[in-house]
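In the two assemblies presented below, chain A is common to both, partnered first by chain B and then by chain C.
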Partner chain A sequence: MTATASPVTRPPVQARSGGFLSRALSFLFTQEVILFLVLVVLIVLVGSANPRYVAERNFINILNGNAYIAVAAIGMSMVIISRNIDISIGSLIGVLGTLSGTIAINGYPIWASWLVPIVAGALVGAVIGFLVAYLRIPAIVVTLGLLSILKGGLITITGGAWITDLPSDYFLAQMKSPAFSFLGLNVPEIPSPILLMIILTILAAIWMRYSTTGRAIYAVGGNAEAARLSGISEKRIIMTVFIINGITAGIAAVLWATQLSIIQSTVPAGLELQIITSAVVGGVSILGGIGTTVGAMLAAILLSAINSALVFINISPYWFRAVVGVLILVTVLADRLRRQRNRASERG
Partner chain B sequence: MNRKLLVGLLLGVVLVLGFALVMPTAAQDRWDGADDLPVNPLECPAAEGAGEASPAEMSMPEYDGGQPTDAPDLAGQPIVLVDVPKLVGIGYFAATTLGQQQAAEELGNVTVTTDAPTEANIDDQIAVIDNYITQGVNGILFAANDPVAIAPVLTRALESGIHVVGYDANSEPAAREWFVNQAEFNGIAKAMIDSMVAEIGADGSFAIVTSTFTTPNQARWIAEMQAYQGKCYPELTWLETVEAQEDNVLSFNQATTLINKYGPDLDGIFGMTSVATPAAADAVAQAGLCAVDAVAGAAGSAEDAVAVVGLATPNAMKPYVTGDFAGCVKSVVLWNPIDLGYAAVYVLRAVVDGEFAPGDTSVMAGRLGELQVVNGSEVLLGPPFIYTAENIDGFDF
Partner chain C sequence: MTTIRQMDEQNPGAKFRRFLLRQEIILFIILTIAIILLTLGSDKFLTVDNLLNQGRLLTEIALVALPMTFIIVTGGIDLSVGSIMGLCAILLGYMWNPSGPFQWPLELAVIFSLVVGTLCGVINGLIIVRIGVPPLITTLATLALYRGLAEGISQARSVRNYPESFYVLGQGTFLGVPTQLWVVLIFVLITAIVLSRTVFGRSLYAIGNNELGARFSGIPVGVYKIIIYGFSGFMSGMAAWIFVSRVTTTRSDMGSGLELDAIAAVVLGGTSIFGGSGSIIGTVIGFVLIQLLKNGLALAGVTTDGTIVVIGTVLIFAILINNYIQRRVSAGK
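Let's look at the complex of A and B:
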């Protein structure tokens, strides 16, 4: 396969012919830039109403609060870009987190309690991928079934008992990088969830943009027929995205479980929706073929910032759901608008 | 095509404008999480010796519960019960289930199964109850996710001849025969405020982390806490109440946001649920603001310290009371949920056996002895229990 095969090389952001101005404009209208600007405006507005909102501690808490969601959104973005969906991910994170805690309190080494959930996540992802790719069962059906199995199974096995008495070196999400100076700035201690979120998101974004397999994900989601004709194995790509999704779910589960000194042994309510919302608001098109992990991360941070802002400016948390709803609608509208402009420019 | 898009965008703009207009009015409302029902604060600690109005002295309202239609007479015979708590999967309802099993074992002629949704969702809860009415059971024990919404399905159970007894979270009285009240709301409210004042003084400031503003128990406690605080400690500053569902990560994030928002102005946090309290304690511990901080290098100065008082199960609170973060939390307020589940089964058995009927003023409940009837059709479990460093290690749930 040559690098010039047309659907495969289609980059995530439509590079259209045209002058510098039009290219600059289309960059400005990417979801990532819009989200970043919205985030800045929100921080400036709320920060001017209450300066403590922009204090270092709250800033770190905002980044930290949804870091595990952003990590899970990496795999979810790939799944959605390949024109699939995984609605079992919240349940999977609950199960893998409980697995992690169970391993830790039973005297196994700490690294096992961090690693086994990630491996288990990859295995579950492989099973989903197999059912979707080879048995041709729609992903929503497979993961709906899995959601019930995981949710019910977890309650049956744990009986709802919380996991407490975790060893003190178990709490990965509470660990921090040492503080350091960078270009004259004093960078404070960064909690590990933030570090993982940023590193994994950037690695995934680079991989998706520049590797053959990464680009093939866009091709499969954008136009499966064309992808097949250009020699891409759709089955292999679907297996790959679900396995990666399982791995990021495993990492997210470890972050979720190691954040507090208790593991609730339940499936976090509505977690799958938060992860899918992050991906969609981040500009991942629910129709497949478009989106980046950077957008999904920015969206997860934005949702966390909004949640915090509502407390800071004394607005009922009920508004959070309404605001998120508006964000989703606006994003989907923007996605349509962009698709039409692209189509128009391809025609023109 | 473009017109459609234009309409869509206009719609979006209208929505956003709508927000901008509604938000200021919403912000003026007090989101304190209290309900509007009448309150009945208990006596202040200083005045306690002066003579306390005991529930028995107050005039007893008429029985206001419902009765099953043509319930079969199963006195002394084996009965099958289903227990439908708000949700399964949290330590609290695992403890009530344990108490029910203990009672069933003692009685020997009762079988109890616990079945409930895994999220505190009223629609799912109704579906579960509906299912058991169709299957046919002799009695239903429940803890309501919503007192009004659950009433029709419980009424249907009564009409099918099924005995209905609530515990933990009530329904409308006419939809069940009895409700086992774990503690009167004013009793809990007094214990919470008194414990907080003992730590932050009578002029401190506090905030509250609750489940949702419409959860009946939490709303009632908060209303009674306001009343008791207004009566006994008018100098206490009530900062705000935040919602955190029954989700420990969200509770942690909300408590952390409160700490960041108020900084040194925040002296204490109340956790109103068994999920919110340990999460709030975790937030305080991770911010290094425990009054007595066992973590080296993270000790907060006493002025910045944030006290945590709340409702929680002992196991969840042990790390903050006697464990790694010992001293971070000094008082955990609760009744004994094992006793609560235990009493509910005894009450239902007594009803089936005809030993406990409308108009009675007490009921015998095994090892708990004689329990008083209050508020017409409620059975009172007793005064709240405060878990401290001295006693918490003696409990395991």
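Let's look at the complex of A and C:
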């Protein structure tokens, strides 16, 4: 596919005409705005029940500790938008994080321990993409097999041993960016995971909305046949999507590995569920096709805020997963209703 | 179909060749090769005791993989089976627990957990059919929800010390064969007959091939789907019952990852993940192969985690080989 193919893949998003009011209304009902409002309501409610919840320190901790989930959700959003799925992502992050730590303690330069996992992630993504796009094995089967391979392989090789004695300049996730200070602005320093999360999310959102390839992902997910007829190479798009997913998984893995002074060399339990949930709740439509990465980031933040809130309002954290389940169901239901109404209003 | 039959009459060799290239036959050959290799790897492998014991261990996956075959044949998927199993196990223990809030008789607790399991499956079906949410997302949500309920209700506390009679199902034998293997056998026969010999079963293929077409030809697609998801929930409850009886305790993390093993068995058995084709025999070979690999490799000194790697690799390669052969077959026609 060449860049000149762009005119056929213009936004399937609301190019709907209408007055300012109706446009304002449809903006209000976008998934991102709803998520943001839910997040605000949650913070206000829990904060008024327990003021310690809204302490700046707690909030920075929530954001910081979960930024890697939001970063991984960027790639996952694209995968789901293209009507695929990657259930091996949790295992991949575990493997790449361990790889990063192993490189760091073996005396290689620190930048290598940050870069190699990202490259390795891209390679794994390319393999998945190849199997899905060219050998026509469904993504769920490929990633199901890969999940076993990565998970089992990791424990077989490491024996579950923790990685300790990491060099002191390894901890990317504990660093703070002297953000904006070069502009002479008096803005507090932002921890690097949060900064990375925000920058990557915005870049991805812009890329998906305005680039030819970005639009093509929506086209492939929305209607693969139509996309093919309009000159989009479905195979290439699927490869691209899985490679990007591997790259964001690599970045997420580095953030995860550099958080604490040890790396546990295991696969974080239930991580794939949190990442997929973020992508789905964030407005990635259940049928593929529509979705944004900004929503996925907000959803990831909302999930971790809920997780933390349970502790502050004295609800056992064992209920967390039930809340996650309800949240996905509610999102999906709301999405259905909204679409039915849209269809009804289009009919007049 | 008739044209193929006519071709076969003219050329018996082609018929034989197509028979050989059926997924089940290929799998059976792979299974035989695996058994030979594993027998060479350890002399403890091919013994009656060991094989019967493996039968015990594959029960939970088997029970869940059977309805999973129905579901995948219709083009659906059920990721929530492991969580339903966990929830049923917890409820069984929670309702019975003599020092707990309910203290029900054990029989009642078992029936209750089976009812809840079925209900969980029916809820999946209702969301999929009535609201039109894709099965993957629906059961992903309920995977989290049901597991969350299991964790929330149990608060991660286990229940033990069941009466001795309760262990017959999971640890006893009947006519020299582990009790639960009879249960598996009965359900294999029932599901095999239902899928291949009844209008209901044939309709599932029709739904998987062309849902709209199935609807137009008068098949109650919605009702059938709700039935199979409900059946899947029920079988997850059965798996929970047998599992608790075998391991003598309940924990909320029971059945984690069961959905992956079950799906692997079904897909390995030649059921297309896109729906429309597949068989119970294939699934049976699938879960037997997985269990024998696990056991044989363990006996040959490979760690559990190493075994998982092998199973993942086998899964991908089995699908690759099958795709390749099926393409050759259809090109040859």
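Please note the rule applied: the second predicted complex is superposed on the first by the 319 of 348 C-alpha atoms of A that agree within 3 Å, B and C clash if a C-alpha of one lies under 4 Å from a C-alpha of the other, contacts with A are read in each partner's own complex, and residues count from 1 in each chain.
Just so it is clear, a residue touches a chain if its C-beta (ideal position, glycine included) is under 8 Å from a C-beta of that chain, and two chains touch if they have at least 3 such contacts.
Just so you know, these numbers come straight off a predicted model, no measurement behind them.
Visitor: Assess the superposed three-chain arrangement around chain A: do chain B and chain C clash, or do they fit?
Guide: Clash - chain B and chain C, as placed by superposing on chain A, overlap.
Visitor: Quick one: classify A:Ser168 as touching chain B (first), chain C (second), both or neither.
Guide: The answer is first: A:Ser168 touches chain B but not chain C.
Visitor: Looking at A:Pro268 after the superposition, I want to know if it touches chain B, chain C, both of them or none. Which is it: first, second, both, neither?
Guide: first
Visitor: Check the residue A:Pro138 against both partner chains and state whether it touches chain B (first), chain C (second), both, or neither.
Guide: Touch status of A:Pro138: second partner only.
Visitor: One more residue to check, A:Asn307. First (chain B), second (chain C), both or neither?
Guide: first
Visitor: Who does A:Ala55 touch here: chain B (first), chain C (second), both, or neither?
Guide: Touch status of A:Ala55: first partner only.
Visitor: Please indicate which partner A:Ile276 is in contact with in the superposed arrangement: first for chain B, second for chain C, both, or neither.
Guide: It touches chain C, and chain B stays clear.
Visitor: Looking at A:Ala322, would you say it contacts chain B, chain C, both, or neither? Reply first, second, both or neither.
Guide: Both partners.
Visitor: After superposition on the shared chain, which partner residues are touched by A:Leu147: those of chain B (first), chain C (second), both, or neither?
Guide: second
Visitor: Please work out whether A:Ile155 is in contact with chain B alone, chain C alone, both, or neither, and reply first, second, both or neither.
Guide: After superposition on chain A, A:Ile155 lies in contact with both partners, chain B and chain C.
Visitor: Just one of 132-140, 240-248 or 276-284 in chain C hits chain B in the overlay; which is it?
Guide: 240-248
Visitor: Enumerate the residues of chain A that count as touching chain B in its complex and touching chain C in the other.
Guide: Shared contact residues on chain A: 151-152, 154-155, 316, 319, 322-323, 326, 329, 333, 336.
Visitor: Provide the residue numbers of chain A that touch chain B in the complex, in ascending order.
Guide: 50, 52-53, 55, 57-58, 61, 65, 151-152, 154-155, 158-162, 164-165, 168, 174, 256, 259-262, 264-269, 304, 307-308, 311-317, 319, 322-323, 326, 329-330, 333, 336-337, 340
Visitor: Which bits of chain A are touching chain C when the two form their complex?
Guide: Interface residues on chain A, with respect to chain C: 85, 131, 135-138, 140-142, 144-149, 151-156, 273, 276-277, 280, 286-287, 316, 318-326, 328-329, 332-333, 336.
Visitor: Tell me, which parts of chain C touch chain A in their complex?
Guide: Contact set of chain C toward chain A: 77, 127, 131-134, 136-138, 140-149, 151-152, 154-156, 252, 260, 263-264, 267, 273-274, 303-309, 311-313, 315-316, 319-320, 323.
Visitor: In the complex, go through chain B and note every residue touching chain A.
Guide: 1, 5, 8-9, 12, 15-16, 19, 23, 26-27, 29, 31, 88-91, 93-94, 118-119, 213, 240, 242-243, 245-249, 252-254, 256-258, 260-263, 275, 278-279, 282, 285-287, 315-316, 318-319, 323-325
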